[in-house]
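In what follows, structures are represented as structure tokens.
Both complexes below contain chain A, partnered by chain B and then by chain C.
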Partner chain A sequence: MASAAIPHPKRRPPPFRTVGRSVLLTLPIALWALLMFTPTLRSPGLNHHIGAAAAVLFMTLLFFLMMRTGKTYRWRRYFFVTLGFLFPVGFIASLIHLRGSMSISLEHMLGGDTPFCHMVIPMILIPAALTRTVIFPGSILPTATNPHSVAVMIGLWLALTLVLGKAWCSYACFFGGIEEGFAALPKHIRIRKIDPRLRLVPWALLIAVAVLSAALFEPVYCMWLCPFKAVTEFPAVTGVKTAIQMGIFVALFVGLVVVLPFLTKKRTQCGFFCPFGAFQSLFNKINLFEIRFDRTKCADCTLCQTACPTMALSAESIREGKTLLNCMKCGACVDSCKKHAAVWHLKGTPVAVKPERARLLFLYGAWALATMLGGSIIANSLATILGFLPIR
Partner chain B sequence: MHKRLLAVLAYVGAALSLIVAACTPFVLMGAFSEAVARTGVHVDAVYSGGTIARTVMRDGYQIDVYRPVQPHALQNVDPFVQIAFRPAASLPRRLNTELDLDGDGRPDVRVSLVMPRNPRARPSGEVVALSEAYRSFRMPESEVGFSELIAQSNGAVLVRIPVNQPSAGR
Partner chain C sequence: MLGLATGPVCIASCGPVVLPWMLVQPRGVRVHARQMTLFLGARLAGYLLFASLIWMAGAAIARTWGEQSWMVGAVQLLLACGLLIYAAGWPHAHCAVARSEPPGLVQIGAAPAEPPQTRPTGAVALGFLTGINLCPPFLVAGVRVAQLPSLANALAFFALFFLGTAVWFMPLLSLSVVRRTPSFLTVARMAAVLLACWYGFSGASLLIEKAIYG
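Right after this comes the complex of A and B.
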């Protein structure tokens, strides 16, 4: 009888919550998802109905699993990787539909047809503040050929940043999921030693591209350094300069988004390159949610450091019970901590007293916005893919 | 007491951030976008061509003459003047015209255009400067750049003429 009480080593741990409680906690997100996709579900078009229904189910199911298991990163990653891989599909399809090509020509730039993305924001701030000029060949207000205008995208970014802060990089960025997907593929880490000074590269790049863009009056990062141009849109190759640009985009994409994430199991582009990520880190200062470490429970096992996809933890920061400024609140450290020392925290409240409450307060806002933005991208991209299939 | 007050404020802040999230798709996004548009920011004239100085009406089409565009700081673009022939669909297959760019009553350039049959193709043509303030060029022989081009965009044929002297057209 006594042996029956000893837990079997291979037995699964008990679920974090009961099914009933998990369903109840998921209900607001399910209703929100339905609300977000009601216009699509009402509009004609079977492909769009299927895409929207799949997005509603997907986002709701993942949230339910977060509630049921208490794990955040594990389920968020399914959403994020799906978003990362579906975004280029929908985006490229819309480019081909609107202008017949993935490449952007001089004519499209003159017509203000370049879609604006969040990565440009740090580069346009100084010229916009000094001269009211946006150094980007897009349009301020949406047009028939460019719905992703400057004002729309900045409005979206501002609203989401108020809620998410740096968590934008794990719940809203439609690029980060690509490398997270490649980082998730291998079972073992092949390159373990990464110089921690590489964490400073995004800051150096941020300063460099902001100053250079203001001086040269052109979005330097978009023109020369953006790895995601390789899978979204790129300047039409018309000469040596544009060929070099294209070569850089492809090399950076292959190196930072495919190969290095595969070898290191880290988001190398986000952690060691992206200037927008560095810029977004500044908003962690004003965001209310963070990850903290309960020093009374921490065993200094460094499992959290290994799990962190952007090296936002150091031995010193863990000793101080904090993450570094570039923490994007993905929850990998919390999921990996066997001692439950890594916890979600609401600034101003005692550390590790009610971490699940802090997690829920954060997740409701983050998942609602992830459903709104990422969910609609997933729905649209699915509808696009279905449009290519020979089914009606 | 101080800690308790801080905790209460933190929960109020967290509740507010949830409200912000709920309002984002319905109110906030639009409000922020409008606020951005209302700041008066505009797309750099190197891309947009700048503002129209005057419009010349012709038989079946119009010619918009823009104000000269000067590069900012270290911007790698020569100063230029943009003219737009619109609508492109109403232009004759071959067009030859003299234009006064600076408004002094004398023609500054002669523009010759050959419209392609494919509406998406780039028109060819020539700009001959009649004044020292402007530079002549011929397309497709010249290298296309933001300050020297003949192109079709948004239903118009755009011609950008490089300016020799920064004071031209003022």
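Right after this comes the complex of A and C.
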């Protein structure tokens, strides 16, 4: 009887792969990361060397852990949150170095010194098609003072989108990590009931900002609605209009990026606001990778629905064995499914047959691009932080 | 030629009103063609009224932006109201869509399905308001009209200007073939509310600015 009262020590589940196999599978990513950061490692400056070395180790280690444990979301989240919190550090430091301030004046805007961000892409399409004009006060080609030109950012976005589809929002976007970080903080969900119609707001916002940008010949989202202006760059407050703009930026940032993710454990800005995310969803249609559900294994436990950070799953979609169009391929549903019913899938192949192969193919592309874009941002931001420290 | 050349800017200016309004219409080319005809007809009426006013008042009406901001602000507030009414009237539109969808089972001998009913007032109101809403091509045409020798010339000029710009609205008819689902209609309704908010904010700002600074 006494032995029955003593709880059995919990057996840890066996690792998904052996260390050797995991190392072998990680080697291509390690080599890619080294290749990406070789120019930085060769350039002078100890801070940059340390930043680059840390980024190589960080990205390689996370990929190794993905291979070793078979979990995707957990390890991706470390990368994504780090990227989200380090991006503003490096960005603000470069702005202060160039202009001495986070605010941008009209003179700098007219001079084409505004860095181009991927959020603007849906807004420039209609005016570009109708009038052959790029309605953004930036430079088309990179300049000495502004390497983030329109052409560079559109090229990067197109390349990554063709490979990743909407997974851009989980592996490449340098904004989403902030709210994912705040969503990860609480242990329990405080607001559970969320109206599913909120999923449609980004589409409405996409239509509204696209047509208004064409009507006003200015990127409306950047001028009025971008929550991340609060932690990156904003128009200099010179009057009532700019004060209202700044107020909106701060209110949206606090509400959608800090408070609501904390209360709901969801990426509320990405899931219920971001018009670029809606635009990016369209590319899920032509992308090769997706998440599917093996209906023979699914227990309808709704664990995946709870885990999904953007409500990209509904009872109907799970019954059909699919996600909704706004799936960001973060892997949260796959990781949370105890029956292994949620699986990675390569379009054109049978569902739930060799899902790990589909996951590997996806992750190689996604992680290589995450290393290239996010890894370099992490490296630069770390170097910036080290530059502020009084250590030589 | 002025209408054809400035048409892209015209469609961009009217897009925030036309697009959500088109999206909440039931599916079907005939329905959309009828609504578009009403919209453009009302827009033409707005154009001709404005042409008459400009010709009678001369270039004075277009002399300073300050003199026009009252009217622009008021028109934008009315457009906001129009869009909000459309957004609020969504349940009716949804019923019309439901009626236009083919039923799952057809009973032999049953009466044919009622065609979707759409009210013309919205199209006329929005068309007229966009017709008198000032946009850059409209002002260019207005300046030209003020210099014409007779009212008939002014009206003819604006009618032809209208025809040139109206050509650019035709591609929007392609939206008629997109399938209307409840989610689609909810998105259109939300977009109408968002755009109404912008028009309301912009119109109110203009009026407040005018009231404070004169």
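Just so we're on the same page, the second predicted complex is superposed on the first by the 383 of 392 C-alpha atoms of A that agree within 3 Å, B and C clash if a C-alpha of one lies under 4 Å from a C-alpha of the other, contacts with A are read in each partner's own complex, and residues count from 1 in each chain.
Following the convention adopted for this analysis, a contact is a pair of C-beta atoms (placed from the backbone, for glycine too) under 8 Å apart; a residue touches a chain by one contact, two chains touch by 3 or more.
Model, not experiment: these values are computed from the prediction.
K.L.:
For A:197, is the partner it touches chain B (first), chain C (second), both, or none of the two (neither)?
P.N.:
second
K.L.:
Any idea whether chain B or chain C touches more of chain A?
P.N.:
B
K.L.:
Tell me the contact category for A:215 with respect to chain B and chain C: first, second, both or neither.
P.N.:
both
K.L.:
Looking at the overlay, what does A:184 touch: chain B (first), chain C (second), both, or neither?
P.N.:
Neither partner.
K.L.:
Answer with first, second, both or neither: which of chain B and chain C does A:288 touch in the superposed model?
P.N.:
It touches chain B, and chain C stays clear.
K.L.:
Touch test for A:131: chain B only (first), chain C only (second), both, or neither?
P.N.:
A:131 sits against chain B and chain C alike.
K.L.:
With both complexes overlaid on chain A, does A:207 touch chain B (first), chain C (second), both or neither?
P.N.:
second
K.L.:
Between chain B and chain C, whom does A:109 touch in the aligned arrangement: first, second, both, or neither?
P.N.:
A:109 contacts chain B only, not chain C.
K.L.:
If you lay the two complexes on top of each other, which residues of chain A touch chain B in one and chain C in the other?
P.N.:
Touching chain B in the first complex and chain C in the second, residues 127, 131, 214-215, 217 of chain A appear in both lists.
K.L.:
In their complex, what parts of chain A are in touch with chain B?
P.N.:
Going through chain A, the ones touching chain B are 36, 100, 106-112, 127-128, 131-141, 150-152, 154-156, 158-160, 162-163, 214-218, 238-239, 288-289, 346-350, 358, 361-362, 364-366, 368-369, 372.
K.L.:
Touching residues of chain A toward chain C in the complex: what are they?
P.N.:
126-127, 130-131, 197, 200-201, 203-205, 207-208, 211-212, 214-215, 217, 220
K.L.:
Any idea which chain B residues touch chain A in the complex?
P.N.:
Listed in rising order, the residues of chain B that touch chain A are 3, 6-7, 9-11, 13-15, 17-18, 20-22, 24-25, 28-37, 39-49, 71-76, 120, 122, 143-144, 146, 149, 151-154, 158.
K.L.:
Under the definition above, what is the set of chain C residues touching chain A in their complex?
P.N.:
8-9, 11-16, 19-20, 23, 183, 186-191, 193-195, 198
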